[in-house]
Every structure is written in C-alpha cells, then in structure tokens.
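For reference, the structure I am asking about is given below.
Letters A, B, C and D mark the chains in the order given here, with residues in each chain numbered from 1 onward.
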Amino acid sequence: MPLSLQQVAEHNNSKSCWVIIKNKVYDVTDFLPDHPGGAKIILKYAGRDATSAYEPIHPPDALDKNLPPEKHLGELDNDSLVELQVARGNRKKTADEERMERAQATKPSISKILSLYEMEDVAKSLLSNKAWAYYSSATDEEIARVENARAFSRFFFNARVMRPVGNCDPSTRILGFKSSIPVFVSGAALAKLGHPLGEANIAQGAGMCNIIQMVSSNASLSYAQIAEARVNPSQPLFFQLYKHKDDKVAEQRVREVERLGYNAIFLTVDAIVPGNRERDVRAGWEQEEVEQVAGEGEGKSKADLPRQRDDMKELESSIDIKGTAGALIVNDDVNMTWKKTIPWLRSVTKLPICVKGVQCVEDALLAAEAGCDGILLSNHGGRQLDYSMPPLEILYKLRKHHPEVFTKTEVYLDGGVRRGTDVLKALCLGATAVGMGRPFLYAQSAYGAAGVVKAIRILEREIVMGMQLIGARSVHDLVPEMVERVDWQPVTARL
Amino acid sequence: MPLSLQQVAEHNNSKSCWVIIKNKVYDVTDFLPDHPGGAKIILKYAGRDATSAYEPIHPPDALDKNLPPEKHLGELDNDSLVELQVARGNRKKTADEERMERAQATKPSISKILSLYEMEDVAKSLLSNKAWAYYSSATDEEIARVENARAFSRFFFNARVMRPVGNCDPSTRILGFKSSIPVFVSGAALAKLGHPLGEANIAQGAGMCNIIQMVSSNASLSYAQIAEARVNPSQPLFFQLYKHKDDKVAEQRVREVERLGYNAIFLTVDAIVPGNRERDVRAGWEQEEVEQVAGEGEGKSKADLPRQRDDMKELESSIDIKGTAGALIVNDDVNMTWKKTIPWLRSVTKLPICVKGVQCVEDALLAAEAGCDGILLSNHGGRQLDYSMPPLEILYKLRKHHPEVFTKTEVYLDGGVRRGTDVLKALCLGATAVGMGRPFLYAQSAYGAAGVVKAIRILEREIVMGMQLIGARSVHDLVPEMVERVDWQPVTARL
Amino acid sequence: MPLSLQQVAEHNNSKSCWVIIKNKVYDVTDFLPDHPGGAKIILKYAGRDATSAYEPIHPPDALDKNLPPEKHLGELDNDSLVELQVARGNRKKTADEERMERAQATKPSISKILSLYEMEDVAKSLLSNKAWAYYSSATDEEIARVENARAFSRFFFNARVMRPVGNCDPSTRILGFKSSIPVFVSGAALAKLGHPLGEANIAQGAGMCNIIQMVSSNASLSYAQIAEARVNPSQPLFFQLYKHKDDKVAEQRVREVERLGYNAIFLTVDAIVPGNRERDVRAGWEQEEVEQVAGEGEGKSKADLPRQRDDMKELESSIDIKGTAGALIVNDDVNMTWKKTIPWLRSVTKLPICVKGVQCVEDALLAAEAGCDGILLSNHGGRQLDYSMPPLEILYKLRKHHPEVFTKTEVYLDGGVRRGTDVLKALCLGATAVGMGRPFLYAQSAYGAAGVVKAIRILEREIVMGMQLIGARSVHDLVPEMVERVDWQPVTARL
Amino acid sequence: MPLSLQQVAEHNNSKSCWVIIKNKVYDVTDFLPDHPGGAKIILKYAGRDATSAYEPIHPPDALDKNLPPEKHLGELDNDSLVELQVARGNRKKTADEERMERAQATKPSISKILSLYEMEDVAKSLLSNKAWAYYSSATDEEIARVENARAFSRFFFNARVMRPVGNCDPSTRILGFKSSIPVFVSGAALAKLGHPLGEANIAQGAGMCNIIQMVSSNASLSYAQIAEARVNPSQPLFFQLYKHKDDKVAEQRVREVERLGYNAIFLTVDAIVPGNRERDVRAGWEQEEVEQVAGEGEGKSKADLPRQRDDMKELESSIDIKGTAGALIVNDDVNMTWKKTIPWLRSVTKLPICVKGVQCVEDALLAAEAGCDGILLSNHGGRQLDYSMPPLEILYKLRKHHPEVFTKTEVYLDGGVRRGTDVLKALCLGATAVGMGRPFLYAQSAYGAAGVVKAIRILEREIVMGMQLIGARSVHDLVPEMVERVDWQPVTARL
C-alpha cells in the first residue's frame, strides 16, 4: 500500500527512522548503527526524502544488500509523488548550482580539448564544489599529491634519433590482457558524483579504446552494472579490493566479482584507515551550511545572533571529520600481513593477485616474494599519507637496485601521470603500464563516455609521438638509458 | 588611607614615580633603575594608571617579589575608581582593537578547526598586532624560523604496508613521565598576551589530555599559579630555566620550582642575549605612536609640521630596540660553560636536567658527556640566531653519525612542528618526543584551555593515522629506515 | 582571358576547387589530396580569395613547383580586381589587427633596443597572435623550451683577471667559413609570418655583419630568392634539410640548393613527426573563430543558441591538431638511420654534412662515427619532445667524458641562447659556435633587416665584453676551466 | 671681466663651446675630444648652464686638473646671475623631482631604522631615478648581483653554546690598521649623486665609528677633500685604483694619494671595460627625454607625429650605451698582467698593495704568489660580468682547498653583504674583513654622515649579537667548523 509523505514524516528520529529514496520508503532504524558513514548523516534525512544525498555515493544494490526485504516499506502514493516533485521544482538553486549551470551552458566542444589538463579544467568548472573536493583533494597539506606529479619533472629524456619508427605500436599486455596503450584506469570511487552514468562511462570508453578498467570496491554502480556496461563480454575488468575485516565478508566479495567475470584482484593496502582530506571534509560542511541556511527563513541572519559559546562544550559535541572517504573504509582490515593475507586471497580465488599501494622498495621485494602477480606502486594519489615517497622515485630505485624484480612480477605505478611523456618515463624505468585515476573521473564528469574516449585518444597520440621522438617503435624499445634523473628541479607544469 | 588620582598625578617623574596597577598605587621610584625593561617604559605611565601595559606581561607576584611592602601605598579612593572607569569607557577604540572585536564576533566554532594551521589563522585574527608580533616574529630575516619548518618537508616516508596496526598506541615516556603522545609543550613566555588565563589554559589542557607542559621562567603567571592550574597534583610540569647571572638568584629560582612540584629543569642555552626581532620591536613602536596620536588632540596632525631634523642628534637619542624579548633576559648569565654550569645545577637540584637550545652535533655530544638527562635540539624557534641550522637536520646527522648518544640520553627537538607527520619524522630519526611552543600559544589565544585540548586531539589523530599508514603500532616501531632525506626541495606548506 | 569573381565562386567545393592568390586564379582540385596541410584548409577558401592565408606561409615558387601550368587559369578581370580591393578596404579590422596597428605606431626606436629580450618584447607586441604563437610556442607544457634557457643559468664563470685583452677578436670559422662572431642563424621556418620580406631580411642582415644563415627547408621564400638576397655571392649559406620520405625527392632538393650555392647541409633529425604545440593549434582555432563570427552577421550571437550536443559524435568529427608545424613535415622520412641515411646523403652531395637535433651523448658519438662534419645539439627549441635534455647539459657531458669528439667534428648547439654570456659558456665547453633561431625571427619581425643587424651587434658587444672580462682575447682562449656547473639553482632571467 | 648669458650663448657648438658651471664660464672646445664621457653630452649644454649635470658626478678639482687656466674665462655678470636664478626658480619640477620631495617630507626618523634593508628602502625613496639606477643596477640580467647575496643564504651556522661570551670584542686589524668591526667601506663611485656632501659623509661616519673607508678613483670629491673630511689625521684611508692605460698618469695618481696620507692601494682588476648596466643606460635616456619634452612646448606631443622611420639609418646614428659607468673607465688599462703590473705598482709606492676583483681560486693563488698584501674577492657587486661566481663561493673553495693562502695574505670579499650574520660567515671561512659598497652609498644618501654612523652601529649590534650566539668572544674564535654549506636552497631574504 502506497505511503504518504505525512506517514513518513512521523518516523523522523533514531527510535523510528524512515527515509524516502527514489520514491520508495525504507525503514532504516535498525541499520543506523551499522551505516559506515555514521547514523548522524542518515538522521539528517529522517522522515524525509534522502535521494539527492544518497544517490551519487551508493551503488543501486546497496539497499538490497544491506536492508532485509521487510524494511522495504513500499512506494509513495501519487499525491506525495506530485508534492515531492513540486517541492523540488520550487527549491531555490544554490550559488554552486547556478555556477554549475552556467558552466554547462558554456562548456567547450569536446573536439577542442587538447590535453588532460584542459579536460580537468572543464570538469572543475562543471562539478559541484563537493564532488570537486572529493575527487581532487588529498591528505594534510597535499604535498604527496603534488610531489607525485613533480617527480616526473625530474626525469628527462636521452632521446635517440635516426631510428626507424615508422610503424610505431604503443600496445602492450597487462597480466596477459591486451591493452592498446600501456595505461589502465586505476581504481577510483564514486564516479556518479561527477556524472549520472558514473563507472559505466568508463567501462564503455575503455572498451571502445581497448584499455582496461580497474573497478573500485567503492564504485557507485554495482559491480554487475559495470560489467554489463562493457562493450563486449571479453572486455577485461580488474577489481580493486578493499578487504573487509571479516574474512568471510571479504571472500564473498571476491567470489562475486569473479563470478561476474572480473579478471584480476588488486588488493588495496595503502588505505586501511582514512586519510585526512581537509578540503573534502570542509566541502561537506559547506554544503550542510547552505542547506541549513536555506531552511532557516529570511528574517534573521546568523550574524545577528550574539555568540555566547562554551568552547570546551562545543569541543565535546562530536563532529564527523572522516569526510566522504572515511565512511567508505570503516570496516576494512587493519591487520593484514604478507604471510597471512596473500595466501588467504590465493585460497579464495584463481584470479591474478596484485597489491595496490606499495610505497617503498622493501615492500615491493616482499610483494614479489609473496608471489604477487603485479605490484602497483601507489600512495593513493597522495590521499592517505602525506610525504609518502612519490611512486616514480620508488620505481627508479627499484629498477636501479633490484632489476630482477621486474622479471618475477609486473610493476605498475599510479599518481601524477598526466602526459604521454609521463607514461613513457615510467615504462623506460621498468613499469609494464601506468594507472590513472582522477583523469578518468574528470573525463567522464566532463563528457561522459565520450570524455573517456577522448582522454585515451589524447594519451595515445602523446605516447606515439613521444615514442617516435625518443626512438622507440614498440614498448620493448623503452629502456632505462632513455631517461635520466636530473640533479636540478625543473620548472613544473600545473600542480 | 585611599589615594586620589590627583595625588598620584603629582608623582609623575623620575624623582618621584607612582603608578596605579589594578586600582592600587605603588611607589616605584627606587625600582626604576632595576626594571629589566628599562626605566623609560615605566616613566611613560608615571602618575597614571599602568594596568593595561603591566598586566599581560607580568606574573601577578611580580610586585610582591620586587617591591618592599612600604612601597605598596594603598588603594584608590572611590571617586577615583569611578573616574578611572569612566575614562576607560570613554576611550576611543583603536583600529586594531576594532579589528579584534570583529574577529571575536565571527570566530569559527572550535569544532570546525581541522589543523594547527587553522588554529593559527584564528589566533592571528584575534590577537593584537603587538601580541601577534611577539609570538610569531623571529630574528633578522626570519630565515631560521622558516627553514625549521621547511626542513621537515625534505624528509619523506618509506611507508610499510601489510603490518597489523589495529591497536595503535601513540603514547610514550619523557624523562620517565607518561605522555599520551610524543609531544610536549615547549617553554614559551607571556601566554597572557593572548588570553587572560595565559599559562593556566595550557596547564589545564595538557593535564586533560595527559601531555607535559614546560613552563618558562618568563611565564606571565607565577610558577605557583600554573602549578595550581593542573588537573591533578600528579600532573608533571617541566621548568624552562633562564639562568640569572647571579648563581644565588638562579639557585633560588630552581629551589622554588622544585618546591612547587615541578619535575625537570630545562636550562636555556640559546638565548643568553636577545635576538633581533624586528617585527616585535616595530609593533611596540606602532602601539606607542597610536597612543601618542590619541593623546595629542585633533587640532594639528604630525604631517602639518615642517620637518627640521638633525639626524646625528636623533641618532644619539637612545631608542629601545630590544623589543619585548630583550627585557626578559637582561640579567641572564652569558658566561655559562659545560664544565661549570651543569655541575652547579646538579648541586642545587635532584631533578632531571636537560639543556634546551643545542644547535649542532658537537654540542649534543658535549651535553651527553656532561651527563644531561635530555637534549632539546632547538634554535628557539628561529628567534635568536638567523641561519641557525634547523633542529631536524641536526637530529638527522646526530642519528646517522652518533647513534650511541640516543642510548645515553633522551633527545628532543622543537621548531617548525605543525603536523603529526612532522612528529613521526623526528621520532623515526631518534627523538623521544618533540616540543611545540607557538602552536599552544595560538591555541590558548584562540579558545583558552579548550583550544589546547583541541590542538592535542588534532595531533593525536594525525599521529595515530600516520603511524598506522607507515606501519607502526607503537613509538618503538618508528625507525630511521622509515624516513628518507630527499635530494630535491619539495613544495612547502605554509611558511 | 581574365576571369571574374563570379566565375571563380562557382568552383567552391572539392569536386571543383578554384582559389585566387595574388589576383591570379588556380584550379587546385587535383592537388587537394596532396596538400601537406590537408584539403580542409584549402576548401575553406574554395571559390574565394586565399591570398592572406596563403602568402605568409608559402614560398612564392610553391605554386609553380606543385601545380602543372594548365592549372594556372589566369588573372582576374579588372572589375573583379576593384571589387576585391574594395572588399578588403571595407573589412572591419579584428581586435588583434587593431592591437598590432597601435603597437606599430608606438614602436620604440631601434636605437633604444638594448638586448635580445627587448627585441623579443617589441616583436611580441607587433606580431599577430597566430604568428607569435607559431614562433614562440613549444611542445606539451613547454618545459623543454624553458629548461633549455634555464640550463645556461647553472653555469657560472671562473673569470680570469690580469690578462691582456686589449685586442679582443670574437671571430671564428664554422665548417671553414669565416664568421664575425661564434653565432649563426639556426634554421627556422616561415619568416614571412613576421615580416613581408621574411628570410631575405635575415640574409641581408647576416651578410652585412658577416655571420652565417641556415635556411630552413620550410622557408617562406624560395631558396633562390634567399640566395639572391645575399649581400654578395660569396656570403655563405647553410641549408636545413627536412628529408622527404622519397629519396629521389630529397635528392632533388639537395641538388637544387647545392646548385644555388648553399654551402652545407644540416640534416634535421629531431622533427620527423610534429610536436604537440598547443598554443599554435589554439591560435589557429581562435583565428578561424574570429573569421567565422565576422561572417555570421550581428543578429544572433553564439551564446544565444541552446547547446544540444552529442559529445561522442563531435568527437568523431575530425579536427586538425597538427598546427602550422605539422603540415610542414607531413612527408618527412621517419625511417632514417645512421647506417643508411648519412651515406646516402654523402652520395648525392659534396657539401659538408651536419646533423641537427642530436639530443644525447650516445647519438653524438654515433654522428661523429658516421663521419658527420658537424653535430648540432638541439631539441628544436623545445618544440618537439618535452623533457628532452637541454643541449647545454649534453654539451657539458660530451666535453667531460668524450673530449676526443671535439677533435673529430665540430659541435654546435642551439636553444635558449639569449646573451653573449650564453654563447661564451657554450664555447668554453667546446662548441665551435651556437645557433639562434627565434631571436632572429623576432628581430626581423620587429625591424626587418635592420633588426637582424642590431641583434648581431648586440651579441657582438656582449660577447666581446664577456671575453675581456673572463680574460680571453680570442675564441681559442675559451676553455672548460672558465665555466663551472654550480650545484644550486640560480634565479633565472625571463623564461 | 664678468660675462653675460648672451655672450656665452653664442658659443654653443663644437667649433666654440662654452659652458657655465657654478656661475663661472669655461671654454671647453679643445677638451671636447678628451672628455671621458664623450663630446656629445657636453655639447648638449654648449652655451648654457651645465651645473646640475656636471656637479654630482665630477670632483671639484676636475676642472683645474683638466682645463688650463686660460680656459677659465671668468664669472657671470650680476644680471646674468639673477636671470639664471629666476630661470631655475621658474623651471617646472619633473614628476621624479616631485616624488623625491614628497619622500623627503615623510622620511622616517633615523632612530627608527632597524636594518640595512630599511636604510636602502629610505634611500630608494629619496634618490632620483637616475641615481638609484646608477647605484643599484648591475650587468645584463643582474644575476650576479642577486646571486652574490643568495650565496650567503646557503651557509648555516653550527652555533656553539655554553661558552663564555660576556666580553665580546668584534674589532680586528686590516692591513695592520685597527677597525672596530671586521667591515670596511668598499670603493664605490659618485657618492654626490645621492647627497651633496658625498664621500665626505662616509669619511666622517667611518671615522666616528673607527672603520676604514676605501676611496674610489672615481670619487665625486677630490681625494684631498675626502682626506680633509676625516675625523682626525690618523684615520686610515684606502685607495681604489683604476689604473690609467698610461703608466705615467697612473703613477701620478698613486703618488698623489700617497702624499695625501692614504694608507693602501686596492688595484681594481675586474672593471677594465664597462659592464652592461641596462637600467643605468635607460635611466639616462629617460632623463634626457623628460628634459627634451619639457623644452618642446605644449602645442604638439610626440604621439601626434606620424612615425616614418628608416630603421637601418636610425641604427647607424650612434647612441651612447656605456651609461654612467662606462665614461669613468674609458682610459683604463686593459692589458695588465700579474708579471708586469704588480711589480710596477711596487716600484711606485711603499703602500700595501691589494687586488680588488679576484673572481676565481686560481687568480687568488696567483695574487698571493705575486706578493699582494691583500686579495679582495669581488665581482664588482655584479656590475661587470654576469654569472661571475659569487665571492662567498670562491672564499669557501679557497679556504677548503688552499688554507695556506690565508697565512700569506689577507683575504676579503665584497658583494651581497647586508647582515651581521653575513659578515660572520665570511670571517668563519677565513676572511679578515668584508667590504660593503652600496649599503654605505644608501646610508649617506638617506641621512648623510649620520646615516653612515647608523649603518655601522646596526652592523656592530648584529655582529656582536651573532658572535655571542655562535659562541665567539673575538674574531679569532670564528672558525670554518662554525658554518656549513647546506645542500638545499633556503628561502631568501630580499634580493
């Protein structure tokens, strides 16, 4: 039996908490303590429509997976549906929404995008402050994020001339899977924050251009939906596993994606606790403030009220500072070890196993010793530990002091890659391929699947041009002698 | 018998100099030559109320300690009290005071403070120009201050993954005293400049969070008051000793704090003469100018007067350039030696003895040899000698070339620490704990004791997060291999 | 028989495409697929006057060389000539043209130009956006362009005093040809973009001052015209060869310039595929946009139209991103080798052979081994491969580790040279001479041949002053010990 | 017989050229070809009053020395004197003069000057553009000037604590002469440009504070006047010799200063030809332009005139680009050698001989070998050869690799010294004293002799403070171990 807005509105507290999501009503009272993002954020919407907050950051199967069927209370009645729609229509747009609309109206033609930097500029103009903050922010002072990119600027080419490079082929194989260029989409959560089709845009664009997508455990579409978005069933997909602290739950997740046809597991090891992404946290607060102010009427502004505070008491009132990121990994395993976790993973899946988030040479050696099929040198795009060594520097040292590792396992890196020359530097230093996360989020935010295709084409053009100009006809021609770490700090491109 | 303003006003010169402080009248004529800040500053208030100038920079027991009882002339009469109050009410606020009031009215909620940088921003907005200049300034071009912080940015982490860090404990022991995090409050003078409760705020906040406060000889509360502000009698306190040139006077001070229950002596060795803090000096001048202009009436502005100067003569008219800092240490011992001073100190106290202000490896070795219980690598926050080597660089060299020192004595550093990662870098390099001075002055200036608590909680959160992300479950897991001094200059956070 | 505008206008498509160039009509229908810049750009002018787009970037003999005589359809009739002239007069000037006119009116006297930097400033103010973008732009983030210049700033002089330098002679010989200073004009295309007399300005100025010009394969005057512009027939000229993929065509070009009296061949090896010069590409688009808008009438602006795009479709509509540069080298040989190409070139000419574009020590060794008469260390002014090692760094390493190369062959460099001291640093490190490209393009853009003379005089003055101040009376006195690579990064001049 | 303005005005060309200087008339016709600054600048004033241009840059005895008595034609008559005065009074002030007047009116009290940087700020505000450009400019891009100062920032202190520094004595001996601090005034020309009393200000201030002044050959007062300005006859003076190309003339100059009681000769070896000081040249042009415009009447502005130029012709019209500096050294010896010049100088004087302008370690060794009494490491404040190695870097290498040199001869440096810590760094590295040029020009420009006294007092305060804080009681305690060259580039103070 359809429910009315009035009925829902009565269940507006922690004793009985109903919410509306996409015109359906759910009783989430019992779920409150288990919500990874905390009860507080749900209670903000108790007795009300929560769709706009819920949708961009939850995969559609989240409700089915987490709420027993009897808590799915049913649909809203027709009058309520109309009322809700009218309310949405009447709502005054925030300044941020107005900015976004203007940006959408003057968005440049995709054919005029020349580089991934320009793609990012467009995305920044189109995204909500909150989405931009979530995508672009990093931990603490964001030094690690910036230095990841700056590391590339310290490596120059010893370009070779007078080599036949007429038929230049930039393709390679990653864990045995063909890739048109030595680049894959690195796992990154919540693509729907930037575009309603979210991760499906990436699946489609990657498939059209024959590169491989790594899907995050925290994707905003279900793993099945993303698999279905592929161009064809043989399009490979990698899975970025955030391991649940309960091995059973983790196993279930691995088996699910294996069943869905995913082709490799990238175990995330650098994000067992949330990083300190202050811009992300602050963007959340700003949004709440805007919403509160909007709800307060016009008569009295906050500035009129005299401030009489008890700082010590305010201090005690708990405030969420985990940001969007914190909620996603609240149940992750903080006690993994090489000895225990890799064998366990081998025992539950036949898929190739890679570790994502190796941040020093020593751990790369341990990963190889543990029999991993691939090692992704990464500091999570600088989002976790500030002053984590830039992946390119680790790759450089690994190649120099332990060249044998590259014969035992594949090595990748991500973080700071923006140009074809960046990709080539990593390959010269031994990487099989490089991952890119944010650039693909920006590309799909700006132009959907077409943006993803465009980003890959830009990279392909830059990679082929670069290969020809340094004298390489295939990825096998890219050798350490072709790059040199310089002892000065070059001017750097955009940081 | 109560005195009148008129009576006081007659004693307005160096022959007979009375001043009013907190509604009481004092005859300071005989004290003029002994005033560490010079006679001139007192004579400015001869025959008048000096409370506002006196209070923030003197401990309450200063008058009792320095003036014999017969110079305490008594209270003002009632009419005078009223007149004084009216005069204060009528006084036009300065531009600086108006700015401070506006800042107070729009101060952010303490719960919204995410980092020590933000705490500093709030404090800067709230503080008088003079207080801000005293707290934040450093010597000469302030290179040492800036480079102290910049040194941290050259150390990156070799973070370790796949280690069990579920139960991460950031606590440690300093000189045997338990501390919830490896951080203590480094000695810093004149907390009352920033907040009326001054050093008591810090004692209270530190006690609530179980960290240790080092109290400056130049505190603006009496050592007893600070001891009384502790959360409980077992809360440890350290004492930062500025040694008087007269051993007897110095001994008296040491015995006083020992009696009051202080737990260690940190002998200051890097501030035997005042540094050249130009911003501090200039802020004092600006304040005087504002006061003078206010007193001059409105008829004629200074700009109207033709300038006819004799530069050579003006040059001779003595001008105080010692700033706030200079006055505080005018009687300090400039002839200390390892051979003489440490044994003397051992002879007057049973407390642990540390030296504060070691600025090179060689002196660290001498300090250890002299049997000091702790060595605080410090250049006084860059306030004394410009281009003094950053403490972190000294720690790095000490750890590398003289690891045995760390087994003989505890080593600390202060200067430039702002983030949990900074703390961890120092600990990896062998420090037992790090001191922080300015951040706690800012925290208590902004939010009183609650600010101090907040600052410690921020640090604790950042330290625990950092430990988990570099693979350490306790401070004992923090080892030199986890940090690496890089050979490029990273971009730096706020300087 | 003269043709009318109406007649021409009928041939406005790819089936039949006529264009007017300098009042003559040409049928270019059959030539469309062979046009190096693509058919699209020609079709924009199909049935119309194409002179303004054609002239600055094509040598005058381009039509004769590429179109058979029967496609030269004849002249316009008189009425059409008048109509065309009137139309040109009525055309509203663009904002860019108005800016250029203002700059021309306030151009400083040539006698007030003190440095090549100032010459560049004048040129920038006078040039169209498009010309400026073509001349000044470089590949990707333009790091290589900037670092070429910055490399010079890392080399300081160990200047020698007390040496007799009264008669200082800066002259030298390059490939046996006398040069008044150790500088030559490096090959650079399309001088007419900056000045109607184009490369002839350079030939004249170089001849007047006795330095040598290297003429680009892509000059905007014919090789014969440039040869004729020489001050006298013995004035040497070098030829920068872009080798056509067809050896026969390439041979023809070499034989032509040999016949015309050119004195050496510089084989270009660093530009076999076009670089990614985004500013150049974008400047082209902006110009098109201006022209389109001008043609659209005033009634409706683009902003009024609702945007309804299919990004994926727009993506597919091919867009030219090669820029001006790409078109010039579309037929170049991408399969050259040391073994094959140098012997081939030897077989078709008796002239000295140099390679232009060597970018690492290894290739310099191979070039010397291949018997080249000269090696031009160059990365094409940073226009091809970003992060290509700065030529000065390569020279430094080559001189340090392979001093014998300098006895076998002459070594030059270009890229980033702007001051006499830059020239001297290169000579101290073993270079016979240095090439300069952009500075001469700017000089002739600003003041024609006089600008070229002025630029050379500035250089001569700076070189002589520098030689005297470092203690050298002739180029033979310039030795490696006189320069030192410093281990810090000095502040840098304009980048 | 007194002359009239009308009579003078008739001699307004190169055939007969009279000028008025300080109300006297001179016939300079025959002198025109010998004027070091060229005939052109004199002819600008032919038949007119030249006082304002002449005075600041010529010593008063210049006319006596260069013009035979019969060319001193006599005084102006009374009417002419009045007319001249009226004309001066009527002359409209230039914008630059008005700015200077405003600055003079709001000049801060000398007692408020805290550092040499602030002294420079005041001087900059008071000086004419031309004087500022002459004093502050350097050669080419001014990199050498900036890097001189920046070099100091790379040296940090290993400060020593716990040393008795109660009686700190900063005095030293230079060539046997007592100096209150280890600083001398380095030779710098044309002090009258900044203050009417010019070099006499410096003599007086230096004498009052017991430091030593080095007087330039190109002083704007006569050597005798400067000697007379001394505080007492035993005040030492050094002489900076620009050696004339004619040994006889040079000998005459040396003998003159020896006779006047000067105490040492500093032979300038780094300025045998003028540097390329573009700001200086440009400032001269701007002044001429202002004067021309002022003379042109108001009817027509230059902008109204159509520009029709022949660049090639304008190029040929000779333009003076030597600037103020060039004129001063036009007759200097460009063929000096160690073998010839030092023995010659020894043969004409008994005074100690030092070389000023040594720019590399090798020449320092040669200077010591040649028996010089002192070596002044200097690149002329960066005014001559750009990218000349910073003197501090040379000192560092000299001390490290050739410590024996410091036992044979005294070593000094100048260039970039602004703080007491800079002085101490040089002394730790072996310098006997450091020279400072521009800072004293600025000090006397701002406040005359009092400014010089103030500058020395600031330095003394900073030096004593620094010595005490690094643990030195006398200059003998300053040793190499106290400074350390760091391997990063610190932030730098004002450049």
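Going forward, a contact is a pair of C-beta atoms (placed from the backbone, for glycine too) under 8 Å apart; a residue touches a chain by one contact, two chains touch by 3 or more.
A quick map from chain label to UniProt name: A, B, C, D = L-lactate dehydrogenase (cytochrome).
Just so we're clear, the structure is a prediction, and the values are computed from it rather than from any experiment.
Participant: Could you tell me which chains make contact with chain C and chain D both?
Facilitator: none
Participant: When chain A touches chain C, do the two copies use mostly the same residue numbers, with over half shared, or different ones?
Facilitator: Homomeric contact, different residues on each side for the most part.
Participant: Between chain B and chain D, how many degrees of rotation does a Cα superposition need? Round to steps of 5.
Facilitator: Value: 90 degrees, nearest 5.
Participant: Quick check for the class: compute each chain's Cα centroid; which one is farthest from the centroid of chain A?
Facilitator: Here the answer is chain D, farthest from chain A.
Participant: Centroid from C-alpha atoms only, then distance chain A to chain C, rounded to Å. What do you get?
Facilitator: Averaging C-alpha atoms per chain gives centres 45 Å apart.
Participant: Using Cα averages as centroids, what's the distance between chain A and chain D in whole Å?
Facilitator: Chain A and chain D have C-alpha centres separated by 63 Å.
Participant: For chain B, which residues are shared contacts with two or more other chains?
Facilitator: 487, 489
Participant: Chain pairs that touch, all of them, please.
Facilitator: Result for touching pairs of chains: A-B, A-C, B-D, C-D.
Participant: Which stretch or stretches of chain B touch chain D in the complex?
Facilitator: 140-141, 143, 146-147, 150, 154, 269-270, 272-276, 278, 281-282, 285, 303, 307, 309, 311-312, 314-315, 317, 319, 321, 334-338, 341, 355, 357-363, 366, 379, 384-390, 393, 487, 489, 495
Participant: In their shared complex, at which residues does chain A touch chain C?
Facilitator: 105-107, 109-112, 114-115, 153, 155-166, 419, 421, 425, 447-451, 453-454, 461-462, 465-466, 468-470, 481, 484, 486-494
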